[in-house]
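Both complexes below contain chain A, partnered by chain B and then by chain C.
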Partner chain A sequence: MVETCYIPKDLAEALRIRKETGAHPIAGGTDLMVSHRRGTGVVPKFPWPVMIITQLKELQKIEEEDGEVSIYAGSTCHEIEVAELVPYQVRKAASLMGAQSLRNLATIGGNICNASPKGDLPVPLIMLDARVELVSATGKRQMLLDEFIDGPKRTKLQDDELLARIIIPQPKAPFTYLWYRKIGTRRANAISKLSMSAAATVDTHGIIVDFRSANGASGPKVARSRAVEETIIGLSVDRLAERLPAFLDAYDVILSPQAMPQYRRSSTRRMLEFFLSEVSKRPDTTIIE
Partner chain B sequence: MAKKPIGTPMRRTDALTKASGAEKYLSDMHFDGMLYARMVRSGIPRGTITDISLPPLPDGYRFITYKDIPAGGNNELVMIKKDYRCFAEKDVRYVGETIGLLVGPDRSVLVDLLEQISVSYEEQVPAVTIDEGLACKGGAFVGENNLFCDFTIHKGDIDAVLADAHRIFEDEIITGWQEHVHLETNAALVMPDGDKFVVYASAQCPFYVRKSIAGLLNRPYEDIVVRQTTTGGAFGGKEHFPDVLAGPLLVAANVIKKPIQLVFDRHEDGAYSVKRHPSRTRFKTALDEQGNILGMDIDVVYNAGGYESCSYVVLQRGVFHATGVYNIPASRVRGRAVATNTFPSDAFRGFGAPQTLFAVETHLCHIAAALGVDPLALKSKYFLRQGDPTVTNGHVFEKVVIPEMLDQVLQASGYKQKVAEYKRGSGKGIGISFYNHGGAFTGNGEQMIIKAKARLHKRADGFVEILVGSTEMGQGLQTAFTKIVADTLGIDEDKVLYPNPDTANVADSGPTVASRSTMIVGKILEGAALKMKERWNESEDFFTEDEYKHPEGHPWDQVTFQGDAYIAYGWGVCAVEVEVDPLTFEVVTKGIWSSHDIGVPIDELVVHGQINGGIIQSLGYAAMEKLDFHPKKGFKQVGLSDYIIPTSMDFPSQGASLVHNPYPYGPSGAKGMGELVFNGASAAFIDAVSRAVDKDIRAIPIPPETLTELMA
Partner chain C sequence: MTRDIQFVLNGKDVAITCDPLKRLLDVLRDDFGLFGTKEACGEGECGACSVLKDSKIITTCMVPMGSVQGCEIMTIEGLRETARGKCIIEAFADGGAVQCGFCIPGMVIAAESLLASNPEPSEEDIRLGISGNLCRCTGYDLIVESIRLAAKRGNGLW
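Showing the complex of A and B:
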């Protein structure tokens, strides 16, 4: 039984309720309704008041401004999957989540705030240096998504705040090569065993001017290290092969020791090795598969 | 107009109501004053209950235990053995064993109460795996050695063969648990009806339920009327397990005198229901200098879990299929079912045959790899032929059409060309398997135990009603029986009705198991229809009945297990092609081709559905359906996001063909097929993967992380 359930009509009311009651927002319900289920014919029961935010139009848009793409928190996986504004890896990740019916309900806000180590959307978003905008009745603030997600099931969301949108900045130069791979328990309707999102920018002289890579489902939170990425930034692709073993060893260290079984480490290594060796060949296609 | 062959597809009799959602299942049923129930179960794998602490129960709520079984009643569910208790009393044998039933009007309140019940135990050390069970870890809890059964069959003098062998090839093959994942979870409802009780159940075998639970109240079977409700899938999981729901409900309804419904949640169904037996099969195969197989010494152990239930019979079928479709000159097969502190293992499509068939097929591939020959070349030297002796020293009576089936599969799959093209270890591979399934009950069970009958009712309004205990569970039996009866009578199919059985007014045609229904009950219905045809013009309504007639000349000794274990077999050949992703070791299945001998199909579309479903279920078994066990908490993968069954994305569409080989004792020449189609694809898949990565694979399932470990 739901003890208390609020249904605000707009964002301002939602923020007021949030401030006054601390009610937990519920949008698609694809995580919360499942984790609080109580069986056939019985309504889920929550240990705190809830507030349904599915109807808040202010949270349902995807737009571009000054080269930055904003995905508002109530956008569903399906909306993201088909949005041309959204970068490739984020669309791809959204398209591989659950089944169609789940993608029609599940929201990006839920996927981020649930902060599951197996969450799919934070992986490419963190790789893209995405920020979150948190709003409350008294103001708003932004921070890097990588900082916002504190650990498994933990975020920096305050009791009076809601996640309003995710902002994806544009890279200095467009990425030349993109990689996304999700290894699920099966080919559809699957939870990630491992996912990896990577991107590289190679200039006309064959110099790697940017490189990023992030891993999901391989630790308590998304694994990414700018320091490790920088070890191959500035290199000519011709020298990538010789630097690769040291890079792969360094990358391995950023994966959590909890990234067991060994499978997650060895698959990550093989995927990175493959992606970078493809990059060094400077193929014409942007998406490496 | 020429008569259509019986196999010509018709729209399934249940297609419209099921596809439109109009069909009613047990959870859709409601009666005035109906109460709901939740099971209170053991939270530990082994120990003694020291205390059950209940919260104060509101008015109208009751907690039912073994103490509510009336004087004269026995706390047992009669399956094949009587060892399965309705309620645990002092000791508990596994996580999930029924301790009590909480009953009341509001399901939400029941969940609240359930959370407040605490059971205290004195815990003991559990035995969970086959090895732990055999080693009697924590002390034996069944007999002196934890064995429910232990028997051996002999063909020839295997000791002499082993002693003279040039080489003895040893092997061990492991298979895991498998969950049925029937679309509709387990569900039952019991209500008092005058002096009697009516049981509604999502079940395969209404007469089994009656027989199993009547003794709880010390009543004759007739006092328990069982009505099958439209059943959304079963796969063997609703052969005996409905008893485990209906038993406690009956005890409760006897005390409370109201209708009580129990519907399992999906997670509950995964965590606390029976599973396929895990197995360990060891081989010592004698080879001569040329690599010819002289004999096999086979040791089969099945993990039966906490109660025997039907494990002895499952194991028999496993043992009788242990040398597959091959005429092995000498063999010894020992079978043991070991007791462990896990949820009881029970019937599951294939009923013990899939484990040993997978084992022998995979073992032969290992021998072929060691000898450096193609597995097909090795296997095809030993195919059983008509008249050949079987592993139980009986004979194969029918013409064996493996060569014709093999031709179809080789043509469709391009097997030979692909074998030449894909080198071992290339990441690509094609595998092939051969399998059979003995139709109907083992040995003379149909004649001595089941004694099936079938009844038809010619109504005054011109409709013909099929009155048998056999059940539709999604496999298409309503359609098959309707066609058999209509075809025999020469009437339209829409003049034939086949309502869900009610034990009070149908003939006991035996359980809907063992791929026996079309072959055995269908034939009896054909007999009843022939009798009806002779009296067709009578003006009054009337009934006709017929009974099972055992074909002559099939000796069987149920004590020594010698003779014709089965009168007829279905046969199958399957090829599977795979590609292994070099980065992630994910296995992509590129092609599936099969051919089956099921006699003659009664409906080609129903048969097609069975082949597709059976093969996908078998591939899931080998590829992804991992079910681990936590020694203290039970099954680990219990929801559909953790217990991974294939989706339509995981396997490509299949090429499926049939070789018609009419069976003289089946209706229109039909044999059984529901289980056959599960029995072989897993071995073909593993053969293919094994070739693609050039490694022997000895255990299933094999998800990518396991394959990675194998490659390390």
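Showing the complex of A and C:
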């Protein structure tokens, strides 16, 4: 009989099983165990071989090296939420994902590889230019998370690879202002109707030297446009108000017309308008709420 | 295809031979006869199947047995024998928190999980702490009051 569920003892064994059988990893189980459930007292059934990687210690670390923070794929939302090394918006997004019971199970690797357009963690991670490291029995490679997520429920993960870690580079200068907002229904377990992460760096002369913004649940993948961001980089905060309408119109275009009912567009516009008008007032607090 | 899985259940070492994809929820109810852990939604939305895994609250409907090897699982049947569990359960009874009772084992687990990390929770903290647990009878107010009562009476327990 062909074995359909493996429990590798370490990462090397997991990579060998992955190469030989193409088994899909189950980490927290919060997506896969639910989508393949068959009712009370009946064992869930999967159309492909699976391997349970929940207990792989090599994938359960959050560490910093050369100014870059690595979140290993098996880290849970709760572990990310309480990790001081992790940037604010990623911690905030993790803290708003479902109830405590879900955050104790759900992993960052699952949230990314599930590649739901409504996934919460990719939004601040893509804003932060995060990279993914993919490992296989024969090697490893890195790419931008923004490229790794190919479309709804699609990633560039190969059949012999596993996502090992997410690497968050440090911005050139620390961000001066940060914003994160998730709009959902029920506080616990709500799927995002819209989420947004933004950050700005203003230098001592009042010049915007960095600005980024990313939206979730607003198209087939996370919406971010460096070209639109650049239209306000280099600008003095004093001139932000006059440029704002043109910027907001340009930003609107990067949101998918199919996936965005009008309220999502108008909410995005109001959030960005609010964040940037706060930035132009140069408040003392870093986190804008 | 079965596996031998050992874990600690309510303080005792136990072992079971089962499909590694069998849900912890089904093992607790069908194999160990611990019916305090309930199934309602089966998709992690309602919290009725909550237990503590290594002292952290989880919903057992999402957990395959293959991820439980070596873990410490505490269900309501174990928690009710502890001083903390007794304190919460008495506060629920005295505070009128229980109507039909179906959600209550999960609520008690959520209360323990909350108080363990925050022994003096505000009303907002309590509402957040039980936000993963649905109750269709009470409207939550008396549950919130009862957790507040447990926190007060439990002085030093957490």
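Definition applied: the second predicted complex is superposed on the first by the 286 of 289 C-alpha atoms of A that agree within 3 Å, B and C clash if a C-alpha of one lies under 4 Å from a C-alpha of the other, contacts with A are read in each partner's own complex, and residues count from 1 in each chain.
The definition used in the following text is that contacts are C-beta pairs under 8 Å (C-beta built on N, C-alpha and C of every residue); 3 or more make two chains touch, one makes a residue touch a chain.
Here the structure is a predicted model, which is why all the values come from computation and not from measurement.
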I'd like to know which partner A:Ala23 touches here: chain B for first, chain C for second, both or neither. neither
Go through the superposed model and pick first if A:His78 touches only chain B, second if only chain C, both, or neither. second
Please work out whether A:Thr40 is in contact with chain B alone, chain C alone, both, or neither, and reply first, second, both or neither. both
Report for A:Leu134: first if it touches chain B alone, second if chain C alone, otherwise both or neither. neither
Let me test your reading of the model: by the given contact rule, A:Leu121 touches which partner, first (chain B), second (chain C), both or neither? neither
I want to verify the contact counts: of chain B and chain C, which reaches more residues of chain A? C
Using the superposition on chain A described above, determine whether A:Ala164 touches chain B (first), chain C (second), both, or neither. neither
Could you list which residues of chain A make contact with chain B in one structure and with chain C in the other? 1, 37, 39-43, 186-189
Applying the document's contact rule, which stretches of chain C touch chain A when the two form their complex? 1, 3, 19-23, 26, 29-30, 39, 42-45, 47, 50, 53, 56-59, 61-64, 66-67, 69-70, 110, 113-114, 128-129, 131-133
For chain A, which residues are in contact with chain B within the complex? 1, 37-43, 181, 183, 185-191, 193-194, 261-263, 266-267, 270-271, 274
Which residues, counting only chain B, touch chain A once they are in their complex? 27, 36, 38, 107-108, 111, 185, 263-265, 268, 582-586, 624, 641-642, 644, 646-650, 703-705, 708-709, 712
Hey, which residues of chain A end up touching chain C in the complex? 1, 3-5, 7, 26, 28-30, 33-34, 37, 39-46, 50, 52, 54-55, 78, 98-102, 104-105, 186-189
